[in-house]
Structures are given as structure tokens and as C-alpha cells.
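Below: one structure in C-alpha cells.
Order of writing sets the labels: A, B, C, D, E and F. Residues in every chain begin at 1.
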Amino acid sequence: MKKEKIELIKDGKRLDGRGFEELREIKIEIDVLKRADGSCYFELGNNKALAAVYGPREIHPRHLQNEKTAVVVYNYNMAPFSATDRKRPGPDRRSVEISKASRCALDPVILKEYYPKTTINVYVELLQSDAGTRTAAINAASIALAAAGIPMRDLVSSIAVGKIDGEVVLDLNAVEDNHGEADMPVAMIARTNTITMLQMDGRFTKDEFEVGMKLAEKACHEIYELQRAALIAKYSESVNANVNVNVNTGRGEE
Amino acid sequence: MGLEVISDIRTDYVYNLLESGKRIDGRGFHDYREISVERDIVNKAEGSALVKIGDTAVLVGVKLEPGVPFPDTPDRGILMTNAELRPGASPDFEIGPPNEDSIELARIVDRGIRESETIDLEKLCIEEGEKVWMIFIDIHALDNDGNLIDAAALGAIASLSNIRIPNERYGLVLEETEEDTLSIRDTPVAVTLVEVEGNLLVDPNLYEENAAACRLTVSSNADGTLSGIQKSGSGGLKKEQISEMVEIGIEKAGEIREKFL
Amino acid sequence: MKKEKIELIKDGKRLDGRGFEELREIKIEIDVLKRADGSCYFELGNNKALAAVYGPREIHPRHLQNEKTAVVVYNYNMAPFSATDRKRPGPDRRSVEISKASRCALDPVILKEYYPKTTINVYVELLQSDAGTRTAAINAASIALAAAGIPMRDLVSSIAVGKIDGEVVLDLNAVEDNHGEADMPVAMIARTNTITMLQMDGRFTKDEFEVGMKLAEKACHEIYELQRAALIAKYSESVNANVNVNVNTGRGEE
Amino acid sequence: MGLEVISDIRTDYVYNLLESGKRIDGRGFHDYREISVERDIVNKAEGSALVKIGDTAVLVGVKLEPGVPFPDTPDRGILMTNAELRPGASPDFEIGPPNEDSIELARIVDRGIRESETIDLEKLCIEEGEKVWMIFIDIHALDNDGNLIDAAALGAIASLSNIRIPNERYGLVLEETEEDTLSIRDTPVAVTLVEVEGNLLVDPNLYEENAAACRLTVSSNADGTLSGIQKSGSGGLKKEQISEMVEIGIEKAGEIREKFL
Amino acid sequence: MKKEKIELIKDGKRLDGRGFEELREIKIEIDVLKRADGSCYFELGNNKALAAVYGPREIHPRHLQNEKTAVVVYNYNMAPFSATDRKRPGPDRRSVEISKASRCALDPVILKEYYPKTTINVYVELLQSDAGTRTAAINAASIALAAAGIPMRDLVSSIAVGKIDGEVVLDLNAVEDNHGEADMPVAMIARTNTITMLQMDGRFTKDEFEVGMKLAEKACHEIYELQRAALIAKYSESVNANVNVNVNTGRGEE
Amino acid sequence: MGLEVISDIRTDYVYNLLESGKRIDGRGFHDYREISVERDIVNKAEGSALVKIGDTAVLVGVKLEPGVPFPDTPDRGILMTNAELRPGASPDFEIGPPNEDSIELARIVDRGIRESETIDLEKLCIEEGEKVWMIFIDIHALDNDGNLIDAAALGAIASLSNIRIPNERYGLVLEETEEDTLSIRDTPVAVTLVEVEGNLLVDPNLYEENAAACRLTVSSNADGTLSGIQKSGSGGLKKEQISEMVEIGIEKAGEIREKFL
């Protein structure tokens, strides 16, 4: 589906030096914002996502209320300067679709029935982008929800797999995404292996799809552990509040 | 009695029947409702197809117009897919700009077409960097009784076959060697399933859609490869369920392709 | 008011073979949609109009309610692929004006006072266009209202007259409209000869206007009979519901 | 006491007076309120006119700017008519984009001007296919005491006379033979009547407008031909009533033309 | 900040013949509109501003109400034909900002607490523009508010000062504004020397700023007297209502 | 307890402390909260700066793209400043198009930059009348604890230094003599003060902003000249107060310039 051919794999390694099943570097900071009820800054390689959570709070135009559950609003937004070409401010079709898919990714873990007639707002800003933004955003949002004290069944973890030079690999960066053959972002409740987001475009055989799902599953477990560790670190330090937690992993190049 | 209460009763009804292995309209779990495809019913469109799946009806029209190429693909045509959930098609649809549902619908159909590479966009270049053909696929939902996606996707690929490029209308003269028909290289078909209380149902009708926690759309090509997947809905799915859904999706796509494309 | 000159009348016949006072072919199908409370598909030559009616139903933002009557909403919409040049989706100034004029055309027959505080919604999609779309749409809407069980004083019937090559003729098609000298869409309650819509543009002498009104009046009576026949046929067959009714007339070429 | 009640009382008052053959401001049924036309009051506009009909006041301004012609009329200027029902003009007008009333108003005025062919758009071509003059007629409602349409239409044609084409401002050099004034070939005038309980009233004031079931606007030219008609309102009219309204419309247009154009 | 150099001062006079501290001609008419609760037409040289005031009246979407005070809405709008280049209808960023600054200019004098839960609407149309429009608009609005009977602590008067050819001068016209070096619109309650609007752009030294403030203060006092005189004239003639009052001053050229 | 009541209590608290000469966070009246400026943190932007003033955080990014010049300045680059009050930054900010607050913020920052003439727009001409550089300054509010303006203005000028013009990305070849960095000729700094019960407070935090009747922002340049002033809020100020605020503004701007620019 993409432009001129670029060799994306050399000597069994990807252009940024990663192996096929290797995540980019991840960095997590919790409660980085004062005003939000919960927030999380999440780096995935060169992606920088900042999630802010507000709620549960009253919904203003009353006819938008749901009598039985809280209404979750998820807003994915790329900052105008986050990509090579300036993005015009305001929602576009892509961000509207991603926001819906991401809300569906998180919905299954939020105990919405605890707070009928309210809204829980999740706002994620993509400050810098390098492919995989929606997965970074969901990882950030999941932690920010927990940090905001929203009752949740579990955390959601997210990563994409793709195909480059005919190989199924984990966590495409922008060059790989632009010149690759397929991309499949996945979100899951790692502990129960429940998939809550699945999108795919490009071309996958059924077998490649299955390989991709396995890679994603494994990576989501890794990410889940990082998310959990970050939250535990934060809460155990909660006597001195607002101490940021830094979790590093992987060894990505960029 | 409020609408919400009615909706709950219907959902319970769907659940209860499923427990005894039945769908509310008596179909098998992997059966489509009756499908019909009627082509070329809009004479002002370069291509069109009215697709009915049960009582769901979608009209898709394709228009071609010359336009300026994107700077990063100066030698390629442009594909634009738009969906309108017309308010006449459902009491739940409202007048207004596209919302997340119509945008998602358009983008699922668009990805199926685009990623299958069924249209050779390079053949749609008129003058590099200056002028290319823009293909507008417009999805017009007429009646929504569930599963608009599959109807829209089928309508899109059906209306793309046998398209004559309107060179004359725009005063474009063809060299002898050039064709003026749009050739289709693949036939992507979308198959949607829902998960309701552990059951996987192909082609959900409206009640099933409302009762379902999860929806999965699988777009696949003539060679059985996948060109798009989209999960929606506020529930989760097990990996095994997804594998089964993908498998069923590819199989049902083959049947539809055989019959209608 | 129009472009290069084309001879629109030859040997006393119009380009599509019709006489001056001849309607294009009309086709009517009732209750073609499942979800709508009433619906009608109406062909007028190459115009294809699909009307859906919902209501009476509650109005959501309460301050839009009228304490005494139902509020009729009429939405005329051309499908993007219905015309030679693709029409950008969404309302434009032309469709807003037509929607208002068409609502005023139907308002006089709807017994709005029966359903205070409610809304009656009429949505008409133009799937294919060939001049005269608003008249086809009103004819469709009138039947769809009846099919939805909305209490009405009577049906409304609509047709345009125009001037081509200096002659006043009935029911212009697109070529005639583009190269003609005047166009005048009319809607009326045929049984009482009450005019409920009247628009005109181009150039008419007072006499031509009067001739045009007579032509329109006669044609509206014809259309009224077809509308009535279609409804009667439908209701008499209503034991086996949803049977479509086909009414053909005229002998237009296209 | 609610606004609706007040409105009903006023409507009853209009009805009651009409029964005894009187209008609430004492006019004859076919009389206009006092009309005034003041030209060239906006020095930044190529043309302008402040029209008052009774207490109703509309300011119309005309601007010319070079622009790109439409593809199907490469040698013709472009006419654009826009109306703003400014919120200061009435407690019923709200801030916001054009609504159906302002759009209808603009389109009625536009059709009157356009269909009378008073402007020779072919003379407004600067360079075929590349550059033509765009004429913007902007209708600015200042005070609405009824019958904005006639005031706006009169303002439009009044502000179109004696327009100097701003060639210099846009660096366009004229050949000697060329004129730089916009010539007006006709003088379309709109006359609006309402029907109230069987009575036909010319130039309705606000109360009459609100009390009327039907409104009819008749645009006619210097030679007595019609260039536009528009019925509005949720009532119906008899053919004979319309014939009479058209006749009166043409007659009153002649009087206004005589006096103000 | 501006284009080619033009000599704006010759022989100690400005291009329109005014001295440095001289206002353009001012003309005031009160209650020129029938429908508005209060209105004022205000000319400042070639600026023509028409202010209409409605209220206090109920606010429609109830959640916009303020429990304690009236909500003042100020809408500054340039007519499309009011400037050399046609202005596209509808609000732009400039008019949104001016509307906010102007509302803040008038807020301090309006006794909003008298009318909780209501709205007071001030709409100002700029029919012709020649620099200084926002000051003309505020002067018009202030009088229209009084004419509407809105209880006020005092009138607000407004004028701009600027810098041309290195000199600080009063009340720039468009040529001076386009080729000048600084512009500073000011609004004040003249009687108490309280500044309620202050904006500035261009380049001013601190000293020039102080000189400018003094010029503005003096001019606002002049304008205040004209506003007051116009209102007194109007009310003293109020037995024969709606008589327009004309107040002329200055001797500007245009 | 309603939000309004809480707000009133906080405002009272601010007032009471000020009576005894104290600010709620213990600062002196003319003291800023701690300021930090972190540059070049967005690799996709030509320039960027994350500015924190206390808990207020604003990220500013600068992008350059070729575009068509305005007709009246064919040889000059174009400066566009936009501000987004992102809903994550405050419970008071909502999703939607720019409102009066975000527009005012953007325009204050824009005027500071533009009027100081720190950017030489004439150097940003690529081909006269055809192509110039457009500079987009995008202000992204991340956390609002008061005084977004000063943070945004500081972020704007900070992110404008050391910008490399992306000629290569857009296939533009430079002549040898040409530079490809954007030089900054001045360093405008905005300083905001509020007036609360007669007290003038530099760098108001959120509570102080809400408690204040008046806000004044003073933009000044390296040589101490003013390039912008903006009063906001529904109160009034005495001339002497404004003089003092301007003086303090120029002084504090100098301190900030010294430290961060």
C-alpha cells in the first residue's frame, strides 16, 4: 500500500536496531498535571502521549446522561506540531475514528455502572508522533484512569504489530509504517487475554495475522507489567505526593 | 413505557433465544439474511449499486472528477470515501455533519478498498503533479435494520466494476492505447460478526447489534488475505473467538464474492 | 438566463418526444422502508425521490416545542452522486430554501394541532436528479405522510411548468431547464385548487404566467389521481402488508 | 404574560380591524408605508443604499472584487447575494450562521436581479477562464418592522446603479474603448403581499406578517414581465388570489420604479 | 510594523488637516431603531457605528444563566461592505477579540446585579470603517445602553491614540493606522478617570505611552460631554419621542 | 456544596490574605512563581519549548511550511499564531473550536511577536508573489494554574530561537549566500498583572485570576519599549495603577529575558 521501496530489514535487524519482537523504549510518568484528576505521560519510542482524566462529573445538557452508567468520553488529539506536516487544529476523521476505537478499548474495564448520570473524560494529547500513537495513548489513558481513582476491573495495554519486508514484527515506527505492508494495533486486558481493540489495514494472510496476534499478546503483557510497576511505585511513594516515576525498558535507538 | 425499557426487553429476547441456540429471525449463526445487489441504478453516477441485506438498504454511488493530486503522490489518483447515515434510514440518525459512526463506517469501507489495492491509482494520473482523477465513493444509508457496514462495503466494490472514466465530460482526449474503463484488480468483501453472550453471529440484524457487546468486521480479498479488521463495541473478545471470526469472515466473503462480484 | 442556444422544440415536440402539456413517466412505490413510519419512492422521469416520515414524536431540546401544534421538519437532500457534478454532502443554500418552501407546501394539509409539542419529520432523498426534483420530492412526501398515518386534510400534488423556445410547457427536464427561459414549480391541494407552493424564476409575461398556472393545475390533478390510486391500492392490499404498488403513466422517453 | 399570548392578541387585533376593512396603521390594503431610498452612504462600497419602508430599515452594499470564474461560465462575472438578519434588527434574530429565513431572503433578491438580467455578466469578464469580476450584494437588515424582502430588493437594485468598477484598486488597466461603469439594463422590483383572512395586503408590517397565513413576493421588470415569484407561509392561496396578487405586484412595482429608480 | 513609508505629517498638520490632539468629527443620533430597546448611531470621522441594545431578557439555555448577575453579551460586527476589501460575513478572530475587550470596557458601569439570570445584549454594526471602529462602537454602545434604560453607574467613552512619523497623536484614521508606528485604543469612565479598556500594538516607549494616555484621557472627557449632551437633549425632548439628536464637533476633513 | 460557593470561598480567602499583605502561595506581590523553559522537546517541530510557571504548563511548537503570500505583501513570510486551550488542561476548558479566551490568548502572543518585529518576514520570501514561508506558532495549554499568557508568550519566543528553515524537506535549494536559520531580532516578553482590591499582583495563579477584577498584560522588548498591552476583566483601573503595571511589566520582562532568552 505504500510508496517507493526501502529496505527495512538488514542482517535480521530493523533500521533502528531492534529485533522483530522488540518494543521501543517506554517511559512512564504519573500525575504530571495539577488540574486533572489523574494524568499520565507515556513515551513509546518517539511517541509522546499525555493523558488527562476528569470525572466522574455531572453531564451538562441533561439529555446526554445515561440513567444506568457513566458515559465515557475519549478524545485523541494530535498537537499541530506533533507530525512532519503541520496538523490543522481540531478533530479530523482519523482522530474521530481513533477516539471511538480507543473508547471501546477502555470501556470494558471501567466500572461505569458505579456512577450513573455522570461522565468520565479522557483527553489524550499526542505531543510528538512516530507511528503507534493510538497505542501509546491508550496505555497512557489506562494509567491516568487508575491514577484518577476511577474504579476499574483491570488495566488495558496496547501495542501494534505490522509487516515489513514480508516479516511480521512488533511495534512499527513511522518509517516502517510508511513503507510497510500491514499495520495492526491491538489493545488487551493482559491478565485475562481479552482483546478490547483490534484494527488492521494492509495485507495479512490468516497465518501472519495469527503470528501478529501472538506478538501483540506477548508485548501487551510486558507493557502491563510496566504500567503496574509504575502505579505501584507511585502509590508506595504517595506519602510524598506527586513524585514522578520513571520506568525505562527496551533499548530502541531513536 | 420508555424506549430504553423496550430496548432492554428486546435484548433479553435475543439472549433467551440464543440460549436455546436460535436467532430471533430463525437464521443459523453463520447465515446472512437475503442479499440483493442491483447495479447502475443512478444514471448520473459513474457507478452505483443498491445493496439490500434483509431490510437494510444502502445505495452507493461513485463519481469521478479531475482534481489536483496530493503533493506526496503526484502521479496517483485520489480515493475519497464518505458515508451519510441519512435521517430517513433510522429514527436514531440525526441531521448534521458526519459523526463517529458514519466516519467509522466510511473509513472501514475505504480501508477495504484501498488496502486491497483493487484500484490502480497510478492509472488515474492525467498529468503528473497537475491533474488526476478523484474517485468519490459515496455511501448513502437508506434503511438501517443492522449491519450497514457489510452492505456499504459490498455496494462500494459492486459499484466500482464497469466504470467508464468520464474523459469526454471534462474535455480530456485519450491516446489510442489508453483505456477509459477503471479496472478492478481485487474484490474485497467485508463480513461483520457480533458476539452475544459467547455466541458469534454473522450479519447481525438491528436487535442483535444492540444486544451485542462486541462487533468485528473482517475485510478479505479474493486470495483469502485480509485487508482490514475493525473491532467495535464496549466489550472484549478472546483470541480464539477472534481467530474463529476471522476464519468465518474469510469464508463468508468467498461465498458473497462468488455470488455477487 | 442560460448558456448557448439549443433548439428545444422540433416539429411541435420536445426533445424527449413529449407534447407541451405532457408529464414525464411517474412511478410510485409505498412503504419501501422498514424503519420509517411511512415512506414513498417516487419517480418523475429520471428523478428518483425517496421520502421517509417519522412522527409524531417528542422534540428533544424542549424549547423547540410548540405548545399548540406539531412542528413539521422537512429536509430535502440531494445524494452526492445524484447530479452530473458531485454534490458535496450536507445542506447548501439551495436545499435550505427548497426545504422551507416544501415545508410550507405541506403545512396546510397536516393537522398539526392534533399533536402539540411533537415533531413530524419528513426526509426526502434525491437519489437521481433531472430537473423538477422539488416537485417529485413533495409528491413523495405527501404520500409518505399519508402512509405514516399522519392525519391530513388532503394530499398535496406538485409539478413545474416552464418556458422553452418561447412556449409554456409542463414539467421541464434538465436540458430544458438549463436552456429554457423560465421555470415555475407549483404545489397544490388538487381537490380544492389551493396553491401551497409557488416559485418562479426566469422571465414570464403575465399571460404566460396564467397559461403556466393552468397547465400546472391540470397536471396536479393528474398526479393527485395517481397518488390516490397508489394509496388505495396499498391499503386494499394491506392484509398482506408491505406489498409495493406500481403506478405508471405518461410515456416519457428518457 | 407570555410572549405567545401577546402575539395572539396582536393577531386578533389585526383580524378584527380587517373585518371592518381597516389595517392597523390605517393604510389602504394596497398602500405601501412611506418609502425612502438613500444612496451612496457607505464610501467603502462600490454602491450602497439605505432603504426604509416605514420603520423597517435595510442597508445594502455592493462590492466588486476580481475572482476566478466558474468552469462552465469562463467568460462571465459572478453575482453573489448574501443577507444578514443582524440580531440588532429584531429580538427574534439571533447571532449565528445564515438560517432558512436569511437564505430565502438572499435568494429571492438574487433571483430578481439575476433573472431580470439587469447586470450583463459577460461585460464583467477580465480574462476569460482566469479572472472575472465578482459582484457581492450584501443585505444588512438593520430594523425589522416587517417586509424586509421588498426593502432588500429595492436596496439591491438601487445600489447597483452608478457603480464604478474599481479597476485601479486592483491594478487593472483599461483599454480606451472600455467603460468602467456597471450598466444596469433593467430595474426589477419586488412587491410582497400577504393574505390575512381572505384579504390581500401590500407591504405587510410586522404584525400583519405574523398574522398572515401566506406571503407572496412578486418580482417584476420595467416591461411588466415577471422575473421571480415566491410563496411562503403555512397557508394556501386560490389561483384567483394569486392572479390578483401578481397583478397588484406588477402595478406597485411600476410605481416604486417610477419614484425611486 | 507597516508597509511603504508615507509622510503623514506636513507642516505640523496631519494629512486630513487635523492637529495632533484633535478628534475627528463626531455625530450622535439616539433611538434610531424601532425594535431595539435602545439604539445609537455614532459617527467618528468616516466610521459609522450603529449600536442596538436588548434586555434585560431571559436567557434561553438555562445553564448559561448567572444566579447573581445579568450576563452581558457584546457583539462587534463589521458589515461586509464596510471596508476596502469585502469582509466575509460571520465572526472572525479579530471581531471575537474586540467583542470581548469591548464587553470588558462596558461591564464596569452596568449594574448587572440588578437583573440576575437575565442577559443584556449589545450588538454593534460597523457600517463604514476608517480605523478606530472599536472606539466608535463602544461610544455608541454606551449611549444605547443608557437609552435602553439599563441601569448604569456612568457612561463609558472611548478613543484611540497612536504614533505617526514619531509623534503621538489622537484618533488615527485608516491611512495613519496603516502607515503608523503604534495604535492604542482606550476606553474610560471619564468622570472618575477609570480605564476600562486598554489595548496597544506597535512600538511605544514608556514615555510615549504616558503621553498617549494623557491625550486619550483628555479626548474621552470631550466625548463624554458629547454623549451626555446627546442624551440630555433626547430626554428633554422626550415628550415628542424618537426625535433624533445631532451633535457635531471637531472639524475633520473626510 | 456547589462549585460557585467554593469559588466564592476561595476568592474571599485571597482577599483576606491580601489585606494582611500576603498572597496565598506566600510570594511577594511582584514575584513570579518558579519558571522553567525546556527547549526542543518535539523533534517533529522546527522549534518548541515547554514552559512551566509554577504548575501552569504550556507547550509551544513552531512549524514552517511553504505557502502563498498575501496579495498585499507578496515578498513577506506569513506568521500565524494559534492557541488551543486543551480540555485536559482544566476542567473549565471544553472540546470545541477556539473561543474568545483562546483567540485572545493567541492574539496577545501574536502581537507581541509581530509588533516587536523580532522575525524579519522579508527574509522568509522564497519567490515573490508565489511562495513564502508560513510560520505557525501553535500554543498548546497543558495545565492551567493561572497566567497562561506569560507562559505562552515566553514559549513562543523561546521556540523561535535556533530554528533551521526546512528547505530540504520541501526540495528548496539554497544559494550559497543564503542562510537557512531564522534569526531573531528581538525578545518580546509578556508580563501579566492582576488588580485585586487595589493590590497589583505579578503572575497571578488561578485563584488570584478568578478573584481579580482586572488583568493587564504588558509585552515589552529588549530595549524597554512596549510592543503590546491588553487589559481584560470586568473591572476598571486608574491611570496611576496602569503606569505602575507597565513599569513593573518592563522590569520583570527584563529579568525573564536575562534568565531564559
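Assume a residue touches a chain if its C-beta (ideal position, glycine included) is under 8 Å from a C-beta of that chain, and two chains touch if they have at least 3 such contacts.
What you are looking at is a predicted structure, and each value in this text was computed from that prediction instead of being measured.
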item: Separation of chain D from chain B in steps, with touching chains one step apart; value: 2
item: Distance-maximising chain from chain D - centres being C-alpha averages; value: A
item: Centre distance in Å when chain A and chain C are each reduced to the mean of their C-alpha atoms; value: 52
item: Chain B and chain C, separation of their C-alpha mean positions in angstrom; value: 31
item: Interchain centroid distance [CA atoms averaged], chain B/chain F, Å; value: 47
item: Residues of chain F engaged with two or more neighbouring chains; value: 98
item: Touching two or more other chains - residue numbers and ranges from chain A; value: none
item: Chain A residues touching chain F - in the complex, by the definition given at the top; value: 33-36, 39, 46, 48, 50-52, 54, 57, 75, 77, 79-86, 89-90, 121, 123-125, 127-129
item: Contact footprint of chain E on chain F as seen in their complex; value: 4, 72-73, 98-101, 103-104, 106-107, 111, 114-117, 216, 221, 224-239, 242-243, 246-247, 250
item: Footprint of chain D on chain C - complex, ascending; value: 1, 3, 67, 93-94, 96-97, 99-101, 103-104, 107-108, 184, 188-189, 192-206, 209-210, 213, 217
item: Interface residues, chain B side, partner chain C - complex; value: 41-45, 48, 55, 57, 59, 61-63, 65, 82, 84, 86-91, 95, 97-98, 136, 138, 140, 142-145, 169
